[in-house]
Each structure stands twice: as structure tokens, then as C-alpha cells.
Amino acid sequence: MSHEDRVRASFARQGLMATLGARLVHVAAGAVDLELTFDERLTQQDGYLHAGALTAALDSACGYAALTPMPEDAAVLTVEFKVNLLAPAAGERFLARGRVVRAGRTLTVCRGDAVAVTADEERHVATMTATMMALEPSGGRAG
Amino acid sequence: MSHEDRVRASFARQGLMATLGARLVHVAAGAVDLELTFDERLTQQDGYLHAGALTAALDSACGYAALTPMPEDAAVLTVEFKVNLLAPAAGERFLARGRVVRAGRTLTVCRGDAVAVTADEERHVATMTATMMALEPSGGRAG
Amino acid sequence: MSHEDRVRASFARQGLMATLGARLVHVAAGAVDLELTFDERLTQQDGYLHAGALTAALDSACGYAALTPMPEDAAVLTVEFKVNLLAPAAGERFLARGRVVRAGRTLTVCRGDAVAVTADEERHVATMTATMMALEPSGGRAG
Amino acid sequence: MSHEDRVRASFARQGLMATLGARLVHVAAGAVDLELTFDERLTQQDGYLHAGALTAALDSACGYAALTPMPEDAAVLTVEFKVNLLAPAAGERFLARGRVVRAGRTLTVCRGDAVAVTADEERHVATMTATMMALEPSGGRAG
């Protein structure tokens, strides 16, 4: 299976991504982008996109970016992430871009950036640094 | 309005909390607990609760915990958070507990802990440290 | 070798701990405390202890706390940490307390808390969450 | 005073930077680089540079990068930072580069990257995301 097929198959099993309406829009080696459309079902109290929705998309984008360079039978698990919210998440749609910063045998560090997209511009609304862990092919958890 | 009334009014405006089925189960000074029920709509690829769903609940619990000691016309904004995932989020329901660690005039630091609850036990599945910012009563953003 | 002997032997090899004047004051299973004395050699621009000095002590305290439950030939490596500064680090001495939150086969999550100690009180000045990784006995790096 | 003069004056008051032997090698709007030379006084137990020494340099580089766009009488305080260690800090010298990601009225988010420099190459050894806070000109602390 290609990178993209593996990522698409796993993504399709993430119930939360369907609930959020997230779409996989780009898959390459070490780089995965997801897209979210603004929806009142995803807001915080002031009507902006909830940080939890952005974080879910960034976490999945980073996890799949980390998966791309791994062996075909590998799986990936989030160890931890940190998110800074840079601006209110106001926009029609949002891109969550996950990129591998350093790929290791067990641990992979990724960076994720979320932008709010309107007709005229992209605005940087959140940045994530995440640590992802490869699961052993047996299905055992390394951690 | 009491702490609890203010928190309940704001929580009711969070579209994402309704979408996730989150419930406000405890509100006290500096302490707010939310509850989530396991649902396939909230999963990651292996059938556990998605880290994004847990994070959304922890972020809201921490934000509301931070709001409780603030003046009545204050509002609160998430500056940043970090989450460590400690164990697979397997369980029938999940509690997300937000607690104030240090309340300042502008910034409040909170800790959030998520536990998976089954008939027999509570298992610690995630821990968050979050920085929350008070918004000026005028509605202006301090940051 | 006992936990304490292993920790003391490794601590003695940390050049930075000697440079900072850090002392190992408590070693137990999953819990290690270091102590720093205030010194102008360790300050930031306003005369408080520099966050980097506190972080170094918290990182070592957490790393050694993580090492205590591991096999005798194991070694430990810091994967990542996050520190929130809660109050200016003013005081005569400082305690950095590292505690294991969850010990895994490969990864251990620790919490570290730094307090400033004066004649009358302990003031909580910083809190860390850290991820530590066990190195394979062969000396290979798992990550 | 120019950006550079203000940063140099403050840097000269940081006792820890002198103790670590850190040098200010680049100051521009939103960008500050510090340099450290490898020294056994700065090591962890395996002879690499201690994560605490790298973190201290990254924290100072990020703090001064955040200070550059602020009014002349402003001061800056670290709210929190997160560091991922990407590779063992082996090298003759190390550069810690602080860059502003988003500058706000009260809070500024910075990214810091540390590289180990040898005759042939630069190796990326650590990455930081930091939140810095402007202090009010009166000297009061906003937080």
C-alpha cells in the first residue's frame, strides 16, 4: 500500500474526524494536511472554532505525517503535544498541517500549524509540537 | 450570577461540547469537572477515545476552572496547553478535571487530568498543563 | 547498587549540576529532590534565579526519579519537557522535586515542582511535565 | 537605545549567561542568537551538553527576540516553554536561535532552535516553543 492508501485507510477509521467533518487534503512523505470547515457544532463560547477541534485535527495530521516514513506494518501513537493558540480561530475553513521535524526509530517529533483560510488570506491561528511513538509490528506498545 | 451559573451559561454556548456530548458535572471555586461518554463518533483509528476529544474536554474544564475566581464580567481565553497521554483512553466514560494551580491578574495556570471510568476503577489517561488569560471586561483581548 | 547509589553516581558525572551547585537531597522510588542555593552566578536580568537554572534542576530531578524503577543497567534520556513559571524565583534556596506520574517500559512521564524556600515559607515557583525514555542496556538509544 | 543596545545591556545582567559562557552573536528585530561553547562544566552524565544549559540559552534567546519589538521601557518575562530534545547535544559549539512567531500586546510566542555546530555541519538538537509576557513600564507584572 502506498503512504497515501495507508493513511486514508486509518483516517477512515477515526470516528472523531468524521464527526468534525475533517478531510484529508494532502499526504506526502513526512507531510499531511487536514481541512475543517467552520461549523457551529465545533465552536467555543464566543463562536470561534474550539481549540479542541483544531487540536484534534493537528494531532491527526501530525500522527499521519509521522506514520508515512515508517514500515508498512507500523502504527503510531501520540505521546504528547503542546499547542499555542496564536489568534482567534475565525474563518470559513481551517487547514491543519502536520510535518515531521525528526524521525527516529521509536519516537518522531512533528510540528503542526493551523491556519484559518478566508477569500483573501491565510491567518496562522495555532502551532503544535508533538511527540509520536511507533508501535511494534506485533501490535505491542513500546511505551 | 454564581460561579456555577456563569460557567453553565458559557458552557451551553460551546457547540463542540454538545457535539461531543460533554456534560458539566462539578463546578466549584478553581475546580470544574466535565464528563464524556464513550461513543464511536469520538474515536481514533484503534477504537479508543481520540486525544482530541479528551483535550477538548480538558481545555474547557481548565478554562472554566480559571474563570471561577475572576470578576463577574471577565472572560477567559486559552493561551496554550500541553497534554501527555498516559494510557489508551479505553472506558465507558471519562472525567476531565480542571484545577487552578496559580491564579494571577492576567494569567492563570491550570492542571487538567482525565480518567477513564469503568465499573471497578478510575484509570489516569491524560494530564494537561494549561495557561489561561483573562480578557478585559471591555471585551478587549489582553494578548 | 541501590537506587540511591546509582543516582548519586550518575549525578556526580553531571558537570552542570556542580556548576550550578545543585545537591541531591532525597532519593526514593519514583521521587528525587535536588536543592539549589541562590547565587548571583545563576540569575536572570532582574536578579531572580534564571528559569534555565530551575529547569536544569527540574530536568535532572525528573530524570533520576524516572531512573529509580528501571533495571540496574538502564539509563535514561530526556525526550521533552514543559515548564510553567508561576512566580519570580526569589529565595535563599530552591527545591526541585521530580516525581514519576506513569512509568512505562520505554517512556516514563514525570512531574517536577520547584519551590523557593525562605525562613517562613515555601513558594511554588515552577512546574514541569517531562517525558523520559529508557535506553536499552546495550547502550543503544531507543529513540 | 537601539534594539541591540537594550538587549546587550540586559544580557550583561544575566549572571547565568556569564556562568554558562553564553555570547550574544546576533540581534535583529524579532531574532536573537546566542552561542555556547562545549565545556565539561555544562554536561549531563554521558558527557553531552545538559538539556538545562541548552534550555537556558534558548529561553534567553527567545526572551530577547520577544523584547525587540516592544516599547523602549518594556521588559519581558517568561510565562512558559516547552523543549523537545531531538538528538544528543554533541558538538564544539551550539547556537540557540530565538525567533518571534506572533507578537501581541501582552503575550509574544517565540520559537527557539538549538543546533550543534562542528567543522562540517549544523545538527538540529532541540526545539522550543515559548510564551513571553510584556511587563508594564511601571515595572508592575501583568500576570
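Each chain gets a letter, A, B, C and D, in the order it is written, and its residues are counted from 1.
Everything below uses one rule, namely that a contact is a pair of C-beta atoms (placed from the backbone, for glycine too) under 8 Å apart; a residue touches a chain by one contact, two chains touch by 3 or more.
Everything quoted here is computed from the prediction, not taken from an experiment.
A.B. asks: Name whichever of A-B and A-C has more C-beta pairs touching across its two chains.
C.D. replies: By the number of C-beta pairs in contact, the winner is A-B.
A.B. asks: Shared numbers divided by all numbers used: is that above or below half for chain C and chain D, i.e. same or different?
C.D. replies: The interface is built from the same residue numbers on each side, given that over half of them are used by both copies.
A.B. asks: Between chain A and chain D, what is the gap in Å from one C-alpha centre to the other?
C.D. replies: Between these chains, centre-to-centre, one finds 29 Å.
A.B. asks: Which whole number of Å gives the spacing of the CA centres of chain A and chain B?
C.D. replies: Here chain A and chain B have centroids separated by 21 Å.
A.B. asks: With centres defined as the mean C-alpha position, give me the chain A-chain C separation in Å.
C.D. replies: Centres of chain A and chain C (C-alpha means) sit 32 Å apart.
A.B. asks: List, in ascending order, every residue of chain C touching at least 2 other chains.
C.D. replies: Answer for chain C, listing residues that touch two or more other chains: 79-80, 82, 84, 109, 129, 131.
A.B. asks: So in the complex, the part of chain A that touches chain C is made up of which residues?
C.D. replies: Residues 79-80, 82, 104-107, 109, 129, 131, 133, 142-143 of chain A touch chain C in their complex.
A.B. asks: What part of chain D is in contact with chain A in the complex they form?
C.D. replies: Result: residues 82, 84, 86-87, 101-102, 109, 111, 124, 127, 129, 131 of chain D touch chain A.
A.B. asks: Contact residues on chain B for chain A in the complex?
C.D. replies: Per the touch definition, chain B meets chain A at residues 10-11, 13-20, 39-47, 50-53, 55-57, 59-60, 75, 77-85, 88, 141.
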